[in-house]
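Both complexes shown next keep chain A, but they swap its partner, so chain B is in the first and chain C is in the second.
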Partner chain A sequence: MHSDFIIIGMYLVLMFAAGIFFSRNIKNTADYFLAARSVPWFWIMGAVWATNIGFLHGYLAHGGAAYEWGLIQANFEWFQGPFGYILTGLFFIAFYWRAGIFTVPHFLERRYGSGLRVIYSLAWLIIFVVTIAAELYLGGMFLKNLLHIPFWPTVFVLTAVVGTYTLLGGLGAAIMMEFVQFVIMMLGTIPLLFILLHFIGGFTGLKDILLSQWGVSAQYFTVLPDIHHPYGPGPWIILGQCFVVTIGWCAGHQSMVQRNLGARSLYDAKLGYVVAAIPKTLGAFLYVVPMIAAPIFFAQRGIFVEKADAAYGKLILNLLPSGMLGLFIAGLVSAGLSSIGSVLNSSSTMVIKDIYERFLVKGKSDHHYFIAGRIATFGIIVVSLLLVPVVLKVYLIMWLEQTLIAMVLGPFMGVLVLAIFWRRTNTPGSLVGFLTGGAFAIFLQQGLGIKVFFQISWWSFVVTFLVTMIVSLYTKPPRKEKVEGLIWESDFRAQLGKVLEQRAESNGIKVKEVPEIKIKKPPFYLNLKYWATVILLIQVVLLLFFG
Partner chain B sequence: MKKKFALMGFLGFLIFAQNISAQERFIDVRQMMADELTSVKASVANQDWMKAKESFQEAKTIWLNEIKPLVVEGVKTNEQFQEYFNRIGEVEKNLDDLDLLLADHKVQEIESKANAIIWAISHHPRGFDVPQPRYSIWDWIFGLGIGIGFCIFAFYFGLYLRRSYYHRYKKQGE
Partner chain C sequence: MKEKKGADPKMIVAVQMLSIGIILVCLGTLVFFLSPIGRMDPFVRICSIASNSSITLLGLFFIIGGFFRYKKAKNEN
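== the complex of A and B ==
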């Protein structure tokens, strides 16, 4: 156990030092919020995945849900997660790039006006603050239960490490740290699956014990259960989760998108997002499959499990040898820190770019907004810490966060799809549609008591879509110049050229030197279409095998 | 009016806090019982039969005085207790068996019996009890409808995107 403490301590000190090291040379808002637009594709791949996977959306809460409901939880990692990554990478990222924006709400404002920008920013800020508090709570509880160390000092140490590099270094430091954490997560946590399957007798042994000997429902072993399943009816998973929530998450989550806006070129941004689907697919083997095998281990070894959320910690504590446990915990803490760091950075970007600079204090120097960004980061850390005791009392954290997200992502997807593909969509239509869709989601959940959040997302998407269309048709169409460059019918290359020029100038490069304007054909091993095809084929195989 | 709201808030907090503390108590007592049963296994491994029997009696007392009453009362108002209520018979039978095994000093069987009791008071995955798959005609209609519909949509939409893209750049070059 002592060796585990030493490994974890060394890891935290290393993260702290690396964070300060990566925070050098941050001078302006483009450095702070968009990492000087210099990030290559492989860093984006690691950062996007590390952003996505934390204590909450990954190891602990998803692992707990996998223990509770079985292989169905892998649908977040297989076919629909990668589908969302690929679609966003190939399609939506280009629109954001062409629009030359800092944030997703900024895109909504360019297309629909400031009203939607404010509503969307505020909704996400609430989600982000709850997410940070929930991540800190889960991390603190996890380490407390596992290592018997006090809760609050643990939370403060985690906050200090992640807060320091995010506050000082902005997006650049966050991305670099996320890539390092991505490597530690992969190396540290993948041995669990092999050790556990070896203990049980492989995947065949696992299936045999659960289905034949214990008589467990076959639905515990399927990714797409029948329509009566209480947690995730198959058809609703496809409609609500795959087509609305996942794509909305990939294309509308500021933390995910911001990593791509900091890329050194549009191609890097697209490729980084597409290949991030590979670690996403592997994620199921890190925290879903081990948790399905966990009940056998607990029953055979006589290990008490009080609730599903605690199962992951109990598993690693009782299965992994000393030393390896420390490395594993370092991997898990990496997951938590990377998620907290990215959400923290994105929250401060939205506070400054979407609210402070846009509405409260206009026309100040770049340095002013840069300092304000750091103050905002600190403020969000404080608010999140204050929220931890509240989250502490809410047992169903995952439910709370998913409900909030379902209320936002359905309406967001409705207005985003129309923004890009229907020139006629206008400001009143989008505003009324978005608010009606959000209100309808609340009605479905509170009024009709629908608990499956995929269903809520789907219907709120449909309502938003229809209301936006109807109101737009009965009100004035948007001016042609307002939508130019933001819809599918725009002149892509001319628009991209303009944006690249602006980006280059803001980075102090003369326009004629900008390399991205010359579009080179990538080598075959970096071809987006090949990668996308291979990844989708892997999903088909997984679905045929486990579906 | 303000006083009414404050009073309602306070009552709500009390009910909420009471509920949480009951749940925490339920976790604590089960953990205590599991610890005593683990102690039984360790003592048997060390051939300390006296200590093993003491720990067993402790575990049984916790079961009878703490856990069972909580489960029997809790199931009336909270469905979370249902799984434990369903396993009361299993726990009691295994406790009786373990008592006999300890008297007979059967080392091998004691461990598996103690493990079975610990597992019975643990939380079992809810997915275990989901009914077997009942894929109806609606699943197929719905599933195939979405699948085939999406493929048709993706094909034609892809064609539209391709056509409009080349149409635009051809125009630009002219």
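== the complex of A and C ==
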């Protein structure tokens, strides 16, 4: 066990030192918030996946749910996640790039005006702060239960490491660490599955024991169960979760999108997002499949697990030898830190770009906003730390996060789809539609008591879509020049450079400083369409076997 | 508002590659030396060595790639 402490400690020290070393290169806001627009596609691939995997959404929560409900939990990894990544990469990212923006709310302002930008930013800022607090809490509790170390010092050490590299190095440091964390998670935690299957007699043995000997329902091995499934009815997974929540998450979550906005070219941004679907698919082998096999291992060894959430910790403690255990815990810590770092960096970007620079203190020097970005990062760390005790005691805070996400993603998808596909959509329509959709989500949850999260998102999306259309039709259409370059047009590529130049000039930036848009034929092994096709075929095969 | 001259994107990627490589090599080597390889179950031993060596090897690739990119970016400046 001592060697495991040394491994985890050394890993944290290395990340801390690398963050400080990297921060010497950061000089202005574009460096800090968009990593000097230097990020290659493979960085984006690792960073997008690592951002999406944390204690909250990943090993502990998803692993615990898989332990309880079975393979249905893999629908995130084998169906909707890759679908969302590919669609966002192939389609939505280009619109964000074309608009020359720093944040997703910034895009909403370009298309619909400042009202929606403020509402959307504030909603996500609350979600982000709660997410950081919840990740810190879960990480602290996990390490406390596993290694018997005190809770608060652990939380402070985790905060100090992730806070330092994010505060000093901005997006570049966050992406760099996310790539390290991606490697450690992939290569350091995958042996668990092989070792576990080795001890219980392989995947065939696993299925045989669960289905034939234990009499477990066949739905335990189904990714998309029937409509009566209490945890995730299949049709609602497809409609609400896949088409609204997941795509909304991929295209509307500032942390996910920001990694692509920092790309060195549009092609890197798109390719990075598309190929991130590969680690996303493999993620099921890190925390879903091992948790399905875990009950057999526990039964063979006579190990009692009181709560599904504790199963993952018990499994690795009883299965992995010293050294491997340390590396594995480093992988789990990575998952938490990558999520915290990305959300922290995105929160500060939104605070500065969407609120401070846009409404509070306008026209200051770039250096002013650069320093303000670091102060905002520090402020968000402090607020999140103060929220950790609340997360400990009040269930309300987790409810708040879930409700806000349901309230935000359905209406966001409604106004985003219309923003791109319907020139006629205007500011009053989007504002009324977004607020009505959000209010309808609250009514469904509180008034009608609907618990299925993606059902709420789907109906709030439909309401937003319809209300936005109706109000837009009865009010003045937007000016042609306002929507130019922001909507779907047949001459998409021809407009790309022109619009970016116009946007840059209107912001007072010299055109030559705008990142170059590279549209050249890539080598076959980097062809976006080939990758997207191969990944989608893999999803089809997985669904044929486990659908 | 006028943007100040920012960092060189090529230099940023080079520094990132070097840092990632150093972290991975240090971690992979440390785990290798601290693991009781001899006392492990044979299958677990293979998994452990495969996992550590792949992390270390990847780290080495990043160090080499980062070093050359760093030199190139420095010469261009």
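Everything that follows uses one rule, which is that the second predicted complex is superposed on the first by the 511 of 547 C-alpha atoms of A that agree within 3 Å, B and C clash if a C-alpha of one lies under 4 Å from a C-alpha of the other, contacts with A are read in each partner's own complex, and residues count from 1 in each chain.
In this text, a contact is a pair of C-beta atoms (placed from the backbone, for glycine too) under 8 Å apart; a residue touches a chain by one contact, two chains touch by 3 or more.
Only a predicted model underlies this, so the values are computations on that prediction, with no experimental measurement involved.
Trainee: Given the superposition on chain A, are chain B and chain C in a clash or a fit?
Mentor: Fit - chain B and chain C, as placed by superposing on chain A, sit side by side.
Trainee: Once chain A of both complexes is superposed, is A:Y220 in touch with chain B (first), chain C (second), both, or neither?
Mentor: first
Trainee: With both complexes overlaid on chain A, does A:S342 touch chain B (first), chain C (second), both or neither?
Mentor: neither
Trainee: After the superposition on A, what does A:F179 contact: first (chain B), second (chain C), both or neither?
Mentor: Second partner only, chain C.
Trainee: Once the shared chain is lined up, is A:I195 touching chain B (first), chain C (second), both, or neither of them?
Mentor: A:I195: touches chain C, not chain B.
Trainee: With the two complexes superposed on chain A, say which partner A:L14 touches: chain B (first), chain C (second), both, or neither.
Mentor: It touches chain C, and chain B stays clear.
Trainee: Is A:N260 in contact with chain B, with chain C, with both, or with neither (first, second, both, neither)?
Mentor: neither
Trainee: Which partner does A:G302 contact after superposing on A: first (chain B), second (chain C), both, neither?
Mentor: first
Trainee: Taking the superposition on A as described, I'd like to know which of chain B and chain C A:M324 touches: first, second, both or neither.
Mentor: Touch status of A:M324: second partner only.
Trainee: In the superposition described above, what is the shortest C-alpha distance between chain B and chain C in Å? Please give a whole number.
Mentor: Minimum C-alpha separation, chain B to chain C: 21 Å.
Trainee: Please report the chain A residues shared by its interface with chain B and its interface with chain C.
Mentor: No residue of chain A touches both chain B and chain C.
Trainee: Residue numbers of chain A touching chain B in their complex, please.
Mentor: Those residues of chain A that touch chain B are 67-70, 72, 214, 216-220, 222, 224-231, 234-235, 238-239, 243, 295, 298-308, 393, 395, 488-489, 491-494.
Trainee: Flag every residue of chain A that touches chain C in the complex, lowest number first.
Mentor: Of all residues in chain A, those touching chain C are 3, 6-7, 10-11, 14-15, 18, 21-22, 25-31, 35-40, 43, 172, 175-176, 179-180, 183-184, 187-188, 190-191, 194-195, 198, 264, 320-324, 326-327, 330, 363-367, 507-509, 513.
Trainee: Given the complex with chain A, which residues does chain C contribute to the contact?
Mentor: For chain C paired with chain A, touching residues are 1-13, 15-16, 19-20, 22-24, 26-27, 30-31, 34-36, 39-40, 43-44, 47-48, 50-52, 54-55, 58.
Trainee: Using the touch rule from the top, collect the residues of chain B that touch chain A in their complex.
Mentor: These residues of chain B touch chain A: 16, 20, 23, 27, 30-31, 34, 37-38, 41, 111, 114-116, 118-119, 121-136, 138-139, 142-143, 146-147, 150, 161, 164-165, 168-169, 172.
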